[in-house]
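Just dropping this structure here.
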Amino acid sequence: MFDNVWLIPILPLIGFLINGLLGKKIKNETVIGGIAAGAVLGSFVVSCMTILKLLSLPSTERVAEVKIFSWITSGTFNADVAFLIDPLSCIMIMIVSGVGFLIHLYSIGYMHGEEGFYRYFAYLNLFTFSMFLLVLGNNLLLMFVGWEGVGLCSYLLIGYYFHKKSAGDAGKKAFVMNRVGDFGFLLGLFTLFWYMGSTHNIWTIRFTEMAASSHLLPTGGIVTVITLCFFLGATGKSAQIPLYTWLPDAMEGPTPVSALIHAATMVTAGVYMIARMNYLFIRSPETLTVIAVIGACTALFAATIGTAQNDIKRVLAYSTVSQLGYMFLAMGVGAFGAGIFHLMTHAFFKACLFLGSGAVIHSMHGALHHAHSHDDAQDMRNMGGLKSKMPLTFATFLLATIAIAGIPGFSGFFSKDEILWQAFSNPHHGNLNLLLWGMGAVAAGLTAFYMFRLVFMTFFGECRITPKAKDHLHESPMVIVFPLIVLAGLSVVGGYIGIPKVIGEVVGGIPNYFEHYLSPVFKYSEEYMAEHASAHAGVHNVALEWGLMGTSVLIALIGITIAYTLYVANTGIPARFTAAFPALHRAVYNKWYIDELYDFIIVNPCKAFGQFLWKGFDVVIVDGAVNGVANTVMAFSGLFRLMQTGLLSNYAWSMAFGVVVMLSYFILK
Amino acid sequence: MDMISIPAINMTPILPEIFLSSLAMVLLLITVFSPGGSKSLLGNISFIGIAATAVLVGSGWGANISSFNGSVILDNFATFFKMVFLLSAGLSILISDKYMNREGCNHGELYPIILFTTVGMMLMASGTDLMVIFLGLEVMSVSLYVLAGFNRNNLKSNEAGLKYFLLGAFSTGFLLYGMALIYGATGTTRIAKIATIIGQMTLPSANIMLVAGMLLMFTGFAFKVAAAPFHMWTPDVYEGAPTPMTAFMSTGPKAAAFAASLRIFLIALPTLQAEWGQLLWVLAVLTMTVGNITALRQDNIKRMLAYSSIAHAGYCLVGFAAGNGTGTAGILFYMLSYAFMNIGAFAIIILVAKKGEPNGTVMDLAGFGFKHPILALAMTIFMFSLAGVPPTAGFIGKFYLFSGAIQKGYIWLAILGVLNSAASVYYYLRVIVYMYMKEPNEEFEWTVVTAPVALALLIAVAGTLIPGVVPSLLLELAQNAIKLI
Amino acid sequence: METIFFAIVSLVAIVSAILVVTCKNPINSALSLIMTFFCLATYYVMLDAPFMAAVQVMVYAGAIMVLMVFTIMLLNIRVDANKKQSHSVILGSIIGLFTLLNTVIMLVKSRAAAPTGPYSGDMIKTIGHTELIGREMFTNFLLPFEITSILLLVAIVGAVILAKKKI
Amino acid sequence: MSNILSLTTFLPLLGVLLLFFIPKENKAVLRGLTLAVTLVTFIVSLLILTGFKTNAEFQFVENVPWIAAGPFVMRYNIGVDGISLWLVILTTFIMPISVLSTWKAVEEKVKEYMICLLILETSLIGAFISIDMFLFYIYWELMLIPMYFMIGIWGGKNRLYATVKFFIYTMVGSLLMLVAFIYLYMLGTQAGVTDFSVLHFYNLKIDPAIQVWMFLAFALAFAIKVPMFPLHTWLPDAHTEAPTAGSVILAAIMLKMGTYGYVRFAMPLFPEAAHRFAPLLATLAVIGIIYAALVAMVQEDVKKLVAYSSVAHLGFVMLGLFAFNVNGMTGSMLQMLNHGISTGALFLIVGFIYERRHTRLITDFGGLAKQMPIFATMFLIVTLSSIGVPGTNGFAGEFLVLLGGYESELRWWTVVATSGVIFAAVYMLWMFQRVMFGELTNPKNQSLLDLDAREIAIMIPLIVLIFVMGVYPNPFIEKMDPAIKKLVAQIRPASMDVKKIDTTSPAAHGAIQSQSGLQAPAGYQGMSGMPGAEQPAGHSGTNGQMPAGHPGMSQDGQTSEPAINPHESK
Amino acid sequence: MANLNSYLIISAILFSIGTVGVLTRKNAIVIFMCIELMLNAVNLTFVALSRHLGNLDGQVFVFFIMTVAAAEAAVGLALMISFYNNKESIDVDDVHLMKW
């Protein structure tokens, strides 16, 4: 049925191998880029065929596993290299291959002339491959392979400009933070495997088997432990509190990388993972609360930081963190479908935003380079008035911004609103719901604010770079612009496949296709909720839903208005504001000093402790003990040696002494 | 007054001794009548003589003949040890000529005296009467005093001789007093009879005279094997004595003392094993520890090997303390392999040294390894064997010694033994470190490896390596030898 | 009577033995030692071993001691250098005392084997000590006797090698 | 074909003989010959691999009399099973690489060097294939000698200290083990054991109180070799001073000797004691993982860092072993191979830059990636493999170890150990970053040449293996699986009925005869009573394979559940 | 007649005095004389025991001990002479070239 699904990951892998091994010899950028993009395009095509095939099946039968080979078999443990085809993985491969292809395409233009062009595409292909493994893997371990693989590629791509120390640092930070998450992931895996095995003799890490036997799991208790562990993994990968700090730093990588990895795909892996194992998470209300709270906090917290950043990519990075927070909020409130929906729309508009910013930076960089200026090409304070120079870029960027701001009619509106409504109405968190909704709504307002701040600072007003450089600003080539257009289009229309029920009913009975499509994946959760429905009654009030929707739109509009006021109409206010609250601004600008805090409480103590263990413990105590024994023996040697005086009387004395002692012992005993 | 009729005597057991003594006397005559004659010829003759004696001794394997009214016996035990003595003497003779020529004291009397020493040792091994053992010991000792002081123009040699003599005589006093007490307690000096009489005692360990006699007598042997605290003479004497004689002294006489004491303790005093086991336990630990620990800081190789020789006596005492088949067979095997490896090591020292041995320290070996790779390889093998690293004879020997102790239940003794063995690795390795891993201070003069020395080295290397890899034959011989006791 | 005689001899023996140890002049020590040897010879007579007494006088007092005195003369040794050696004397004496104590306790506590041999005092007197010793030596102890020949030979050769002016 | 194991073992020794006849000036011939010998050995060893049948038995068994004297019977008894098979292959595989690795670095005393290498190979292979414990001990000690020379002669500045420390440290442990060996044999003879073959001793039911002591002796010796915290300090010294090939062999193979010792001897011989000490050893292993990682993090010398990383990796191996279940053991065995390959490769990498720059201080480097892209790529792959990134070999082993650990009683230990995956990333990547990334500031580094053909040729097989074992570890697991299952079955039942019989210390001066705890196992007696079982065990390929029921044959006749069942938590 | 133990105790006393002499005196010849004293004490023990036991083995042994003493005297004095030739002393405290 899905026999050729293996092509999806394998094609990028082949691309990686060709470019990685022979790229240096090929040299021709078109060929290299073509191979890489072609590979992903191939995957996209196969993905399309796959999803079509899937859709052709009745919804209850939309699950299939394709085993490639047996991977690790040991004792009780078995993990195959096998792919799981179901609505969730299909939607993911569509996003990965589709957005991925566009970004590959974009990269050909963006990375033009870079040293190590082949390396870049090799990594990118490797990333795509890993991402496919992650979403297609039919068991936790294979997912983990992809999970680590994307982390690795992220590391490689962040550190692409390895001669910059900051790039290397950022890469390492990303990898290590991900590793902290992996620690949780592994523990979750172990605990789940061990618990299911030891209590029910079901030794499995296969998703389908786990799902089928999930009814054996208790509510809370061990499941909370398991899910919290997994959630720790997710926070690492998806840059949630407390492990989010790597993501802004990851902007050291080339911009398309940020678009692909740090916006559209990899960072959403945590969300995917939770959705994939929804039947576990639903069984632990505690975990859900934790997820929801952390998601909401992250959404809000990152949004605050986003308001004060001047680096165009950093704003987007914090925006990503914030949006990921939304997705986790969705997960936390049990709105798995909504979360995935937001994942998808976010992939569209955030990719578009990043690519658009990339186009801006690219253009700025070229201009500054021509003008021999050393100004930062990414600093928004150097930009301004670009809309005339780069109209297409501006247009697409604006569309995506509107989408992310949650203006009705655009994709972001549908997904975000669904999440907010669920946050308010879900049956899991009781009184917390209002708070969650409030935080989400405020974050939405902040999002609208900082996104429009970005747009205004970048595209509106006076151009703030040197006039000489200004002349060199120009619209990007088609290979760059084309993906922007496609993504902008998707940002606009992407939301219509998942129109919320209330709106759908009004508009004319349009069903929520997306929810319907995904429902088999969440079957077990729904069954569980159905069983426990009496205990947890959610809120169902159409009027309220409309009201909340209006509120959030209003908040977004307020945010936009403020942004307009501050950055277009009355540009002096921000400076005055900063002057009025310097501490607050400094704190926000410096990202609440979280990095420094981490350095202070974790990194530096670790290093100091390492130093102590080495110089203090290893050398002094352990080796000291070893050498101490040796030295003691040597000292005795010196002592014994001195007893050998060379004097005959002493020797005789020793003999006589020996005799006397021996005799005394045996005679007097 | 009737004539004393000398009883009919089976001379077979002492044929080798007679042969060797006769040879020694012939050699003496040769030296007396041709004082300027070739000394190496004498050496060669005595080596051949020793080889012939070895054949003679070897042909007696399996026999069990007692003679001279029970004062001497030919058994496998004696045969095995005699082989060790002959080996020790033979190898020492091979390496003597070069050394004695260099030191200018190549007197022809050397070889007869070595042969007489060997006769003394052989008598110790085969004697079954305290008197025979005592006289054998004295023949050996007196000869050794001479040998130690043989380089009479060298003050060190004089000192060595004098020290050895005075302390040796002192220990003889204890030995004799012990024998006297045993005689008093049992009424006889024949080992077999002593055994019988003690066997009839109800509680031999309560017989204080017997126990004291045993202790005092053991003191005498302990002195010869250089067991602590009777070991103090060893480093000085070994350092001062002419090197080939040190090689000889450290192997043959030590084995002889073990032979005699093994025979006495295992045949005559097995009922007192609780006592002497305890005693030897302590002495073994003391000896190993003192020997090894002191050796760690020795720069002079001869002195270092002297301390090492103390330590090896300690290892053998471990087997002795166990007193069972495995341990005692281990002693036999060990003494044999020790003769190979130790004399081999001394042979190398002789080759390295200059006249008067001004360069007798470990440091003087720096760079030796790559100047004379074959000699250094041989030295390396000896050192590893002394350290007890497989696959050398030294390892197998230690294995059996410690096995004996473990079999007996002396686990701690074995543990202390192996710890000592581990410590000893340091100073043996130090030799290797200097040979291979340090740059030479000065150019080596090319030492001429004379044919006898080469032969000695060849035998020593073979004797160290082959039993290390295929020890079965020798071990079986040792087992057989010990069975008859 | 015999006891008194024994006591006197013992006294002389011990005193002269102590003198051996304490005399500064080696010659005096040697002469004291000879005195002790004579006492021992007396004991041997008392113990019905006249042959041993004779040998004692001849070999020890006659041969060995003469050799020693010769050597002392030859090496022209007079008095022990007057070194402070009190500590070694004290230590030595302590060790000696302990040895004595141990031995005496041992001897007091232990009993020698019961007389087994055929040689009673009467028998020795009738047959003659020398003959009996001779018998023993040439029958039971022939081998040790022969070994002494080697021993003496070695001693001669060794002494020559070590001490002869020119070889 | 029947004595292919001996052939593999002694081919290198044959090479030594050949080398003796080649003048030492003829360096190229010396190197070429050595390489040829090691390659031939490798090829021959592949025959073992192809001929190996996937079952739990020892295969290619050769069993001929060797020493028989006194109470001891030692036989030249060798064979491979699934556990030793891969270690043998690993040895023969690493050897040609080591020879190549110091092709240029060792210019002096080439002949001696090559001789050392070849003797080392013989002793390593020999130790892995020995069934006879005495034979094993001989090889175990023998391997110290060439390594001692390699470090001492061709090593760095502080080589003497390092080599003597290495030698004596190891010696102390192994000598204590020797005592236990002998004691064990003495116990065995009481129960009718006829020779030193380790298989006989598996079936002894030894008094747990005595087991404790013997296990301690074995464990100490092996722990030193592994090395486990806190007995590890010889390792950084030895590694830093050793020449590249020495480090490679030391890390890749010799350290495995320690863990192999646990698998083959310490654990199955003394299962009750192993269980009793599992928490202690697991604690040490886990401390080792974290401790070594922290110490590695702050190292200034690349080689020392890699050395400490070895300590951490072997901590994982130890943890897996003491999980006492199939997953953990399999993981450990895989991890042993993986560590051999990745750490070996890391040392090679360090060797490459050391040959170029004669320094290993991290601060002397930086930005090398620009100058040496091939090197950078390979370094990165190896680094990732060392970190245990999925897709590389390091992952499967580590994962199974942790999984096994988690299934066992050592759950909390495993949780802590799992955090080691974070630290591994920290110190390895940090080092990698400081060496390879950043500005190429040091002028001395600006003229560095990238890897040459020889160096690439060395690395390629390793890198291929890194991926092959990472992507498709199953063939490796399959071969060892039956043996591991059998092993687990041997160890596990003991845990079910740990009895405290009496607590007399074996150190008491009582002779062995008086030890009461020893009972001839039912299985053993039953077998010798059977007419068909007259032949001394240890003669054929099926030797030592005690009646299948053995695992369950605890003294009260209770049968245990099938061996493959996971370790139940209690 | 004095009993066996008197002889034995006398000999023990003599033996101890000899030991003390060996331990305290520095002149090699005197030390050797003290050793001779010890040997003589042993001889006395042997003869007394021999008389007590009624067998002559002990006396034969004494005979051999005397021979040995003579042999030792010859060799020992020769050693002293050769030492004296080189060192002009027979004080054992001067025998200290080799130590430690």
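We call the chains A, B, C, D and E, going by the order they appear; numbering starts again at 1 in every chain.
The definition used in the following text is that a residue touches a chain if its C-beta (ideal position, glycine included) is under 8 Å from a C-beta of that chain, and two chains touch if they have at least 3 such contacts.
Quick caveat, the model's predicted, so the values are computed rather than measured.
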| item | value |
| --- | --- |
| Subunit C and subunit A - chains in contact with each | B, E |
| Chain ID, smallest distance between chain and overall C-alpha centroids | D |
| Between the pairs C-E and B-D, the one where more C-beta pairs touch | C-E |
| Label of the chain whose CA centroid is most distant from the centroid of subunit E | A |
| Taking each chain's C-alpha mean as its centre, the one farthest from subunit D | C |
| Subunit B-subunit C separation of Cα centroids, rounded to whole Å | 30 |
| Averaged-CA centre spacing for the pair subunit B and subunit A, given as whole angstrom | 79 |
| Interchain centroid distance [CA atoms averaged], subunit C/subunit D, Å | 69 |
| Inter-chain centre distance, subunit A versus subunit E - centres from mean C-alpha coordinates, in Å | 96 |
| Set of subunit A residues in contact with two or more other chains | 641, 644, 646, 648-649, 652-653, 656-657, 659, 663, 667 |
| Contacts with 2+ other chains: residues of subunit B | 131, 135, 138, 142, 145-146, 149, 152, 161, 163, 166, 170, 181, 184, 187, 208, 212, 235-236, 423 |
| Where subunit D touches two or more other chains, by residue | 168 |
| Touching pairs - complete list by chain label | A-B, A-C, A-D, A-E, B-C, B-D, B-E, C-E |
| Contacting residues of subunit C [partner subunit B, same complex] | 102-103, 106-107, 109-117, 128, 131, 134-135, 138-144, 147-148, 150-151, 153-155, 157-158, 160-162, 167 |
| Residues of subunit D that touch subunit B when the two form their complex | 65-72, 109, 112, 137-138, 141-142, 144-145, 148-149, 152-153, 159-160, 163-164, 167-168, 171-172, 175-176, 178-179, 182-183, 185-186, 506-512, 514 |
| Residues of subunit A defined as touching subunit B within the complex | 633-634, 636-638, 640-641, 644, 646, 648, 650-652, 654-655, 657-659, 662-663, 666-667 |
| Complex contact set, residues of subunit B against subunit D | 325-326, 329, 370, 373, 384, 389-391, 395, 399-400, 402-403, 406-412, 414-415, 418-419, 421-423, 425-426, 429-430, 432-433, 436-437, 470-472, 475-476, 478-479 |
| Residues of subunit B defined as touching subunit A within the complex | 163, 166-167, 170-171, 174, 208, 211-212, 215-216, 219, 222-223, 228-230, 232-233, 235-236, 275, 279, 290, 293-298, 423 |
